[in-house]
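Consider the two complexes below, in which chain A is the common component and chain B and chain C are the respective partners.
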Partner chain A sequence: MVTVDRTRGYQIFRVINTLVLTGVLVVTLYPFVNIVARSFSDEFAIRAGKVNLFPVGFTFRTYEYVASDPTFWTNYRNTVVYTVVATAIAMFMTTCYAYVLSKRHLKGRKILIGIAVFTMFFSGGLIPNYILISSLGFTNSIWSIVLPNAISVFNLLVMKAFFEGMPTDLEEAAAIDGMNTYGILLRIVLPLSKAVLATMVLFYAVSFWNSWFAAFLYMSQSDLFPVTVYLRNLIAGATTGTSVGADATDLTVATNIKSVTMVLTVIPILVVYPFVQRYFVKGVMLGAVKG
Partner chain B sequence: MSAVTTIDESPSTPPPRDARSRHAGGKRPPGRTWRQALRRDWQLYSLVILPLLFFLIFRYLPMIGNVIAFRKFEPGGSVLGEEWVGLRYVRMFLNDPTFWQVFGNTIIIGALTLLFCFPTPIVLALLINELRGRRVKRFVQSVSYLPHFLSMVVVAGLVMELLSVDGPVNQILSKMGSDPIPFLQEAGWFRTIYVSSEMWQTVGWGTIIYLAALTTIDEQLYEAARIDGANRWRQIWHVTLPGIRPTAVTLLILNIGTFMAVGFEKILLLYNPLTYPTGDVISTYLYRMGIVSNSFSYAAAIGLFEALIGLTLVMSANLISRRTVGASLW
Partner chain C sequence: MYEMNRRQAMAAVGAFLALAACSTDGGSGDSGEAKKSDDFAANRDGAMSDYAAGKQFTAAAPLTFGILYNNHPFYPLKKDWLFWSELTKRTNVTLEPNVVPLSDYENKRSLLIGAGDAPMIIPKTYPGQETPFVASGAILPVSDYIDLMPNFKEKIARWNLEPDLDTIRQADGQFYLLPGLHEDYWVDYSLAIRADILDELGLEIPQTLDDLHNVLKAMKEKYPDSYPFSDRWSNPTPGGALLNQILGLAYGAHGGWGYLNGVTWDHTAQKFAYTGAMEQYKQMLQFLHTLVEEKLMDPESFTQQDDQAIQKLVSGKSFVISTNAQTLVNEYRPPLKKANPKAKLIKIPVPIGPLGPVKADATTTRLENGIMISKKARDSKNFVAMMQFIDWLWYSDEGQVFAKWGIEGTTFTKDASGKYQLAEDVDFVGLNPDASKHLQKDFGFSNGVFAYGGTTELLQSTFSEEEIEFQKVMNAREALPPAPPRPLTDEEREQASLWETPLKDHATQNTLNFILGKRSFDEWDAYVQELEAKNMSAYINLMNNAHERYKKEHG
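Up next, the complex of A and B:
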């Protein structure tokens, strides 16, 4: 291999490749770096267009300002609560269905799969969903976020593929010992599925953490918003964030605040990301095998 | 449902593989009736009750709810509308010039997204694949996946900050001596902004599947190609690309199927009345018509139309790919 790779053309290619990929890295990371730099910068520096990769006029003031807003903390706590509850329910529902779908001998299995897969390609649409959720009385409640998204068909298929790949000997042995289906699922299958369960929890948790539209659509009380809606209202200029602290620096304080809020919204994901990234990749691969 | 095909336990002869026996579902244990299946596997079936209720209520009921596209719906009245009005709302949107504008925008934005966001992960995967050190490779991958994990609100926020009048992009422009451009206020920039931010967000994540496919290509094929005197480019052309073709086709089908479902959330966050002429798409239009102006039936008719197009697209793409390359989703 090495000898072939020594050609001049290939050497040039390698240099170009390195340059291109470095460019990709820079472009990918730059917005993050810039927003972090802004979040620590003095408002005048931002306004003058001086903030680039590093904070200018380093200050914690904006963080203190955002942290002093009780609505921000309420909304942040809401996000945590919604994420935990929604993920728990989604895991329960998805595991049950995926486990059943993985039983090849089961009569009606194809129909059950079809029921789920069809919804990937055709959905009721925004308006009927809106009417449904409203008439169920879910507006301004956590259920409007949690229940309509309790099963992601993609995650379901990933899990099903995993369960199908498991050796059945242990389950059969347990069944012969008189263990019922629930026992087998809880005591035999799930303990052996920690990897896929972790992946699924992460998939769901990230998607619920990031979700905003359901809350935006169905919630009207600001103390119920998740932090993503708080942020949305900030960037859309619809909250008090822009008018509080009425002095000459209004506009730039708002820019600062946006940056800080974005950083704080993303931080939990950035912190766990390096450790859990491989699980995500595994999950996608599992899904791709049997997509 | 399939009681007709009760072949019962007749172990002597396996049931004939005709249409009827295939409809019975259970191929493995020949001809088990529903009653027997239920008695044997009731615990398994009990596990699907809640998930089935979920699908029924939150996925299939809204599909039925689409009848309001053909019925007059009054907020606060019956959920399924008051009276049949036939195709009134369909005719209404077909005669609505704004509808055709957002329809065109949807197709253009969808096509641009497909054009730019489908091939780039392939290219990036090939480039990453050529990297030497494992560490470097891993690092590049990790960084490139990152944007995928951001909330759409954060992405929109980043875009707005980057492109704001005092943002980094305008800093560069002003250094080159041009006046600041209010990008998000100019209709001419909207599609560029949409597609490039879409690329930023999806390219890295899109490489995962291709990189996986690349590792499954048999090393011996490269060996053979080298012995035949193929240089690096020829190897890529004759071994690598055919190796990832099935993956690429499958993803292309998926992308074509979701072609009309252009990023509703992102557009909703990024657009404003000034950029409606280029940025307003079917989904955002029906959102404004339905949720904001309470024309539920009208918006539902548009939504149903969009969903049917989506379904048609994915089915035809699947059919074509099965006929031509033998790869299909189902």
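Up next, the complex of A and C:
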């Protein structure tokens, strides 16, 4: 008997598949490796184009230099604080809203969904948002970052679909045993939803970690910026021709310093990813298929 | 998903600016007219009654002014900079910076002005960038108030800057930007060339574009494997410096960074012309095409990253590259010296082209980036004091020396002949490479927000000997008068911006095609016809009519 994986066609497919995916892997990985190599390299070697996969003129000096900048660490701490607080708030809000929306007997459910989905396609625009946030007195405070993005509609819909897929019998049984709504949510539903919760935490945390725009808009003191704004300023530098042309006396920041800052900024995300990944696939697939 | 929001947001800024003309914005437009511009009875708090040019400004009472602050990554803002404390000591004024990363300064500026939340002082605005805000009524027509600024007025008169100032006047005859002022034209960009190769080939430093062509040919003959000329500053604008400050100046038609809205004043015709269709522009492209065709110039010059161009120079695959004073010293020489100790790279005077030996054509002015003032500042009781303060810090000789060099005896010394010298433990632009402190990073001086413009002496005080030599050669050349004003009305501006972008896209795209030989110059007329189909004549007529109208209304 010939099973699928023994057929000649399948063998060839596997070889090609491996080759193609290895290629993809190399292409994806190379920029990372290159940045890491640059961060440990001598500046002149980078300028001369000698740095590819391995550091040339190995040195820790650039790390020491970046680490000696207090603004970098202040901003780094801000990023951690903003990410943790924002993720906590976002998880609370999203879970509550998604659970409510997953109940088909809820009156006005369609309107509530519509309100959420509406914001996915239309936004108030930049200046009205800015005026709103500043009239609320949120500028230059953590609230301007953690509150406006507390519910991501995409995450909300994934979560709602997940809750809808949960057997109603379980909740009914719990209700018969005398549990109230909150008990059901906290003791029955959430413990069974670890996969989707982990995924949502990952989604939110990564997006808050990477976000810079809200802070750029609402913060006007450099010690309130997250590290992403610091990094962006370092890398993007002058973006327009006029400023490049006229600021002739301005100096640019060395490539190795940029690389070190990039490495230090992505490390936490790189470290967290592998641990959350097993939930990640499961959580999203469940939501998607059963929705 | 966040990306999407951001882009929508940016579109919203644009939409708002278009709409802002219609909004009443708290009636600020009316209050300006109701109040006579020279009635300052209610705005004199803290001002000096006897403030005059050359006099130290000190506010009568401690004042605080908000300022939009462009935070440079090379010297990020520190609150303990000597600059802040000394400024307060001398002027009794404390600046309250609203810190914006340099990378997105322009976006935040539009947002804050649009939301009516901008600080009173908005610096780092380049001439022309103020125009979109004029219609919104959020920006003060500063030309009404220059009587409060004796130093500014004095410099305009002494350096004969009126024609330059005319270039930033709007349709109402006012200007809305306090530009930085230079005593003389400042040419910084040119070509860097390997002098040791010239010596080896027994060649002189090229004076004209023809000389340059011959030098490149000789280099190619000796080193057939090289492209003698491989250029940088091509991302995102191809030929950024080359087509603008270098060849643009030689031909009198600016491409690259200087293409802007594509309108050039043609001296001989006394009319505005579309840059991309000018004969001068064509000649410039033909020159470059010849270089590319003869394999003297690297075709990648117009697409590669700066780092790649530098690598080619360092590894001896090319010998000529665009430069300015800073990049020559900081980016080219150190790695080149490491790779090849015998290499000698020099910056040559801008090669002379058909326009003759000029240091400035109609497109260049002596204006620098400058300051916009929020309209609401006019109603502040400290308005007069603020204008005096701005006048002192940005326009008085003393204020300019302070912003650039710092404090005599602490950050610099001045010898009997008036030559500036950095203090021994202070570094700036590599003048004291072993010093422990940095003039910009540790003291906050020579900060792009506060220090620019001024006398040639002050400008050159940080230059090296060889750079001063270069400046001498360039300054001896002729300056053509700047283009006359052609301010558009709101409706015209809207119409012009609709035509401008497709024209510019087509011209820049074909610029590359012509240079690289993807399109033959036989097709030049066809190309001009294509521009014509994109409303080129209508666009240029608009500019010429605006010019005529301005001449009639304001002389």
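Operating definition for what follows: the second predicted complex is superposed on the first by the 233 of 291 C-alpha atoms of A that agree within 3 Å, B and C clash if a C-alpha of one lies under 4 Å from a C-alpha of the other, contacts with A are read in each partner's own complex, and residues count from 1 in each chain.
Here, contacts are C-beta pairs under 8 Å (C-beta built on N, C-alpha and C of every residue); 3 or more make two chains touch, one makes a residue touch a chain.
Quick caveat: nothing in here was measured; it's all calculated off a predicted structure.
In the superposition on chain A, A:Gly125 makes contact with both chain B and chain C. Looking at the shared chain after the overlay, A:Ser220 reaches chain C, while chain B stays out of its contact range. A count of residues in chain A touched by chain B and by chain C gives the higher number to B. When both complexes are overlaid on chain A, the residue A:Phe154 reaches chain C alone and has no touch with chain B.
Once the two complexes are laid over each other on the shared chain, residue contacts for A:Tyr182 go to chain B alone; chain C is not touched. Look at A:Arg232: by the touch rule set out above, it reaches both chain B and chain C. After overlaying the two complexes on the shared chain, residue contacts for A:Phe44 are found with chain C alone; chain B is out of touch. In the superposition on chain A, the residues of chain A touched by chain B in one structure and by chain C in the other are 47-49, 123, 125-127, 129-131, 210-211, 213, 217, 229, 232, 234-236, 255. On the side of chain A, the complex with chain C involves touching residues 44, 47-49, 69, 71, 123, 125-127, 129-131, 134, 152, 154, 207, 210-211, 213, 216-217, 219-222, 225, 229-230, 232-253, 255.
Contact residues of chain A toward chain B in the complex are 4-5, 7, 9-10, 13-14, 17, 20-21, 24-25, 27-32, 34-35, 38, 46-49, 52, 92-94, 96-97, 99-100, 103-112, 115-117, 119, 121-132, 135, 147-148, 150-151, 180-182, 185, 206, 209-213, 217, 228-229, 231-232, 234-236, 255, 258-259, 262, 265-266, 269, 273-274, 277, 280-281, 284-285, 288, 291.
Partner chain A is touched in their complex by these residues of chain C: 1-2, 5-6, 8-10, 12-13, 15-16, 71-74, 76-77, 97-104, 106, 108, 111, 114-117, 126, 129, 188-189, 233, 236-237, 240-241, 244-245, 256-258, 307-308, 310-311, 314-315, 324-326, 330-331, 334-335, 338-339, 368-369, 429, 446, 448, 462. Residues 25-26, 28-29, 32, 34, 37, 41, 43-45, 47-48, 50-52, 54-55, 57-66, 68, 73, 79, 124, 127-128, 130-131, 140, 142-147, 149-154, 156-158, 160-162, 164, 166-168, 170-171, 174, 200, 203-204, 208-209, 212, 226, 231-232, 247, 250, 257, 265, 268-269, 283, 286-287, 290-291, 296, 299-300, 303-304, 306-307, 310-311, 314-315, 329-330 of chain B are the ones touching chain A in the complex.
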